[in-house]
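Both complexes shown next keep subunit A, but they swap its partner, so subunit B is in the first and subunit C is in the second.
What follows is the complex of A and B.
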């Protein structure tokens, strides 16, 4: 095998590849760096998967508003393994966002962003923004109804920017409507601009990791002092450090391998995301929802009061990013242990709980009327059995006037307004009449839209809605505040 | 210029020609940087105008026919569609646009509402029985005349300007409705 050795030696002498790779593998990492440290590697693995599967998809996908949807259907049904490549690309995109969030949370919890790794964190924040950009533009690539109306939501948010909102919207959409140029712009972002930025930032991120070394697990009482940190860290690595390969890389490989297998199983079992219905804006019987990474924003914009909504929508993301960028600059020294940083732990807990609950709200979206509840749900039998004709007529009005779209009966129907199963214990007939006629508490006024006969039938029906063993509301004016959104 | 390699110009240390080379080198790199700057501006102008094009371009709306007046009987609110007058070759189905036409008085008084909710642009649906427009995204609700009834929208539905022309209802359309449209 002399010729092989000679060839390798020649390649090494001309390229220096081995000399480049060797320190990457052998650099010393803290022995305390155990399973907490695998999430960054997993994020990187999912990014590589995105590049490989994305290039595959780009060989068939037609980035044209006239053909994109059909080309995705073609990939799913005709191209060998096309559906699986799309499924892997979709699941891996969600997995990358999740891994990145966990990785960032770990760095935040352990304050690994402190001196001298401030720039590691800052490049990480930009990587997060780029990855979220990739996730949003990727949703647009599906070019189905959700993509179309999702773009509409994005355009409406941009449109609210003071003074230049309208021009910015034209710039984002590439024209006066969501059309051909819109898809091509997002395609250019999704396959050229954002991946290019991601690769550049990733290179910088990894180079910074090599430059400053992996941070140790924090210990309470061990303060970071910029004056002494680096020599002390290097001495400790010399003394107690272990080589990245195999001591740390074996954990990375075990975790990444498990993630990869889980990804393929998920993709094979659950299949690709969409495309949903064709992107015909005149098919309005649709229920647009964003992809998971943006569900919390979708939830937030429905819960904000209209008066502050524009300011919050535009300013909150900018302030959040500025705060994230400032975290390592304002807290570059001092304690790293979570137990000594209660304020930061509270911030992290609030962020996790906030995003998780807004995501849940977005997925269940109780504020959305159930558009077909009035025509498709049966009236619960117990609510009409044995009732007087006027009350039964009221039950019909209740369905007919779409009340059910926002108000549930017996657990079925919209959740925008309160469930009305026991409304008669809370409101007298007079109060019910006033509420239906005048609206209020985020309910439209029905005074002009219902005849007086319909109104009296409806109220007599509502007045029967109570458990049989409870008394009806009878104190005039004891109007309990209705839960409202 | 302080690069020692060029300090004596490689002329054997006599020091005379070296200074000339160094001076020439200084001029060359200044000229080079200047040429690069001019070139970058020349190359940058088309790139920037290409990228910013849509923000600077004027999109003039045009009158589009929604159909014969008989399609919109008095007292009703009906669904109508049209092809957006501003088109690009690759638009596909996305130029198809929907709207709601309310006929207040046949032949004289109409309202044409954009399909897009004034909150975040989702398509609103008309419910004839309760005389409400409802939005499936965040639950915005509007009355028959397009005014805001409930939910997060900051204003009423967007309206198109309309006119009657040879027995047909025409609207002034072309842009996705937005904040610049007067309430």
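What follows is the complex of A and C.
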């Protein structure tokens, strides 16, 4: 074994790697840092898994609109264990988001973000944003109908940004519509830009942890005072601290090991995510379901009245991020113990309950479209009889554009949106046009997916949907003018 | 190294090895077994899932009534196969896999033959399934005679020369709906009596009328993007 020792010694003398790692392993951490502190390491482990499996997938995945979908099918069926790698990548991405949320929550509960660790928290918030970005762009990589329409809804949110909305949408999509360039753009984001940012932020985050040490468990009555904290902390570590390895690292390893096993079991039992149906711009997917980390946003949208949507969708996330960034700056000193911070505890509890119940909402109640209603449930005879040629064509548009999957006619069809049997008593043609073009709630914006002829046929058909004895909604004169294209 | 981690590492290694060694795990995506095609049950189930929404019978459904016998008096298998596989360039979706749809070529063929068996009978009335060129000028008079009573502006059938309507149908579609009619809705089939056409239409008359109707298309076709 002499040659091995010589080689290692040579490497060490030239690179100084050991001298770099040694203090990392032996730095002193508070003895009170018990199982509460394992979540950060687990997040890191999931990130490493993402990088490794992601690189594997990138060797086979074809980031072009024409081939992406088929290349995923190829990975699933032809590449040995390819499906398992896809499954691990997918499950690990969700697990990473969850673990990160738990880690953040723990830091928040224990107010570890207080002096001198404000920047640790702030880099953590940016890491969270980058990881959510990775999760979203990753969903787009599947390039199936979910991805396509998830993207469509995302783009319509961006589009609502005042003043620069349409420029931002063009930047994100690589043009006004979702096309081949969109996938290339998201691929670059998903494999180069965001991971690069994540690695940089992670390095910074870890360096900051080394610099300031791991916080102790909070004790009621013990206040953080920026004037005296650091020397006191260092002295306590000298006295009571334990080396990171093996005292703390062993708990990390046990927890990470358990997470890894759970991950592999999940991946092996439930398999990879998608790809779902192939994207077809002419067939509007009526069940665009985002991946879990974004489900709560959709849940919120389904509960909101459409008028408040723009404000809430745009302003709420921005405010949340600003608040998260301000948390350590506004509360850098003082008590850390949860029992002495009831307001913050209430905020955390509300956030957890809110996100959990909105996720549940997003997963269940409003999502009951009938996926084959458009091609299997005929327009009820009573709604075809006595209609004019253009109106009859509008009934075909209603099927073709899959409105039926979400909207029942005569009791049959999806229940995601309201039944439209008497819609003409509630909405004027102008309002109908706007509803279809701009969507709202959980209704996708059809925008340019319908031609002006399709739109006017559709609206003329909808305008006939009223009980024969009821007056139509205040219809000003004739049909609306064709929207210009 | 402490004892616990190495045991954990061993355990994880064993799980990984077990997972990769085994080639039938529950999560592995499976190929769907192909359904037995061609039978009447298959035809009905397929039609009900994929076609009935637009092509139902009676007053239900909004497009060409494939469940009505009248359609099958002139339709040919080739026509039905072509339309089912590739669509018509309008709102009829293309159903063959080569066009991104769910059906193999064999399934498209089986469906076309099966529909004739289930809904129709043999054609052979001597009228073309595919649109034939007609004489626009002659069609104008015929239209005024045979169709206008119901398809004048404001008449119950609604205008057929409205550019928005014409943007949504193909000439072939006009041909098929004119010939098949919608008896329940009051639209006579080609071989039924119409005002001033007691014996229905001949192929040439139908072609002339459609040439006239189609001549009202807006110059630039307003196709979906």
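Here is the rule we use: the second predicted complex is superposed on the first by the 359 of 485 C-alpha atoms of A that agree within 3 Å, B and C clash if a C-alpha of one lies under 4 Å from a C-alpha of the other, contacts with A are read in each partner's own complex, and residues count from 1 in each chain.
As a convention for this text, a contact is a pair of C-beta atoms (placed from the backbone, for glycine too) under 8 Å apart; a residue touches a chain by one contact, two chains touch by 3 or more.
This one's a predicted model, so the numbers in the text were calculated from it and none came from an experiment.
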Open item on the list: Once chain A of both complexes is superposed, is A:449 in touch with subunit B (first), subunit C (second), both, or neither?
Closed with: both
TODO: Report for A:184: first if it touches subunit B alone, second if subunit C alone, otherwise both or neither.
DONE: first
- [ ] Mind working out whether A:372 is in touch with subunit B, subunit C, both or neither, as first, second, both or neither?
- [x] second
- [ ] Quick one: classify A:400 as touching subunit B (first), subunit C (second), both or neither.
- [x] both
Open item on the list: Looking at A:12 after the superposition, I want to know if it touches subunit B, subunit C, both of them or none. Which is it: first, second, both, neither?
Closed with: neither
Open item on the list: I'd like to know which partner A:225 touches here: subunit B for first, subunit C for second, both or neither.
Closed with: neither
Open item on the list: A:240 in the overlay: touching subunit B, subunit C, both, or neither? Say first, second, both or neither.
Closed with: neither
- [ ] With the two complexes superposed on chain A, say which partner A:173 touches: subunit B (first), subunit C (second), both, or neither.
- [x] first
TODO: Pick out the shared contact residues on subunit A: the ones touching subunit B in one complex and subunit C in the other.
DONE: 177, 278, 280, 282, 374, 400, 448-449, 485
- [ ] Could you please specify the touching residues of subunit B with respect to subunit A in the complex?
- [x] 52, 54-57, 59, 79, 81, 84, 86-98, 115-116, 119-125, 127, 129-132, 134, 136-139, 141, 143-144, 149-154, 174-176, 178-180
Task: Complex contacts: residues of subunit C adjacent to subunit A - done: 1-2, 4-5, 8-9, 11-12, 15-16, 19-20, 25-29, 31, 48-56, 58-63, 91, 93, 100, 151, 156-160, 162-165, 167-169, 184-185, 222-225
Task: Interfacial residue positions of subunit A with respect to subunit C in the complex - done: 76-77, 81, 83-84, 87, 177, 246, 249-250, 253-254, 257, 260-261, 264-265, 267-272, 278, 280, 282-283, 372-382, 384-393, 395-397, 399-400, 404, 448-454, 456-457, 482, 485
Task: subunit A - residues contacting subunit B, complex - done: 64-68, 148-149, 152-153, 155-157, 159-160, 165-171, 173-184, 278-282, 284-288, 298, 301-302, 304, 306, 309-310, 365, 367-369, 371, 374, 400-403, 405-406, 416, 439, 442-446, 448-449, 485
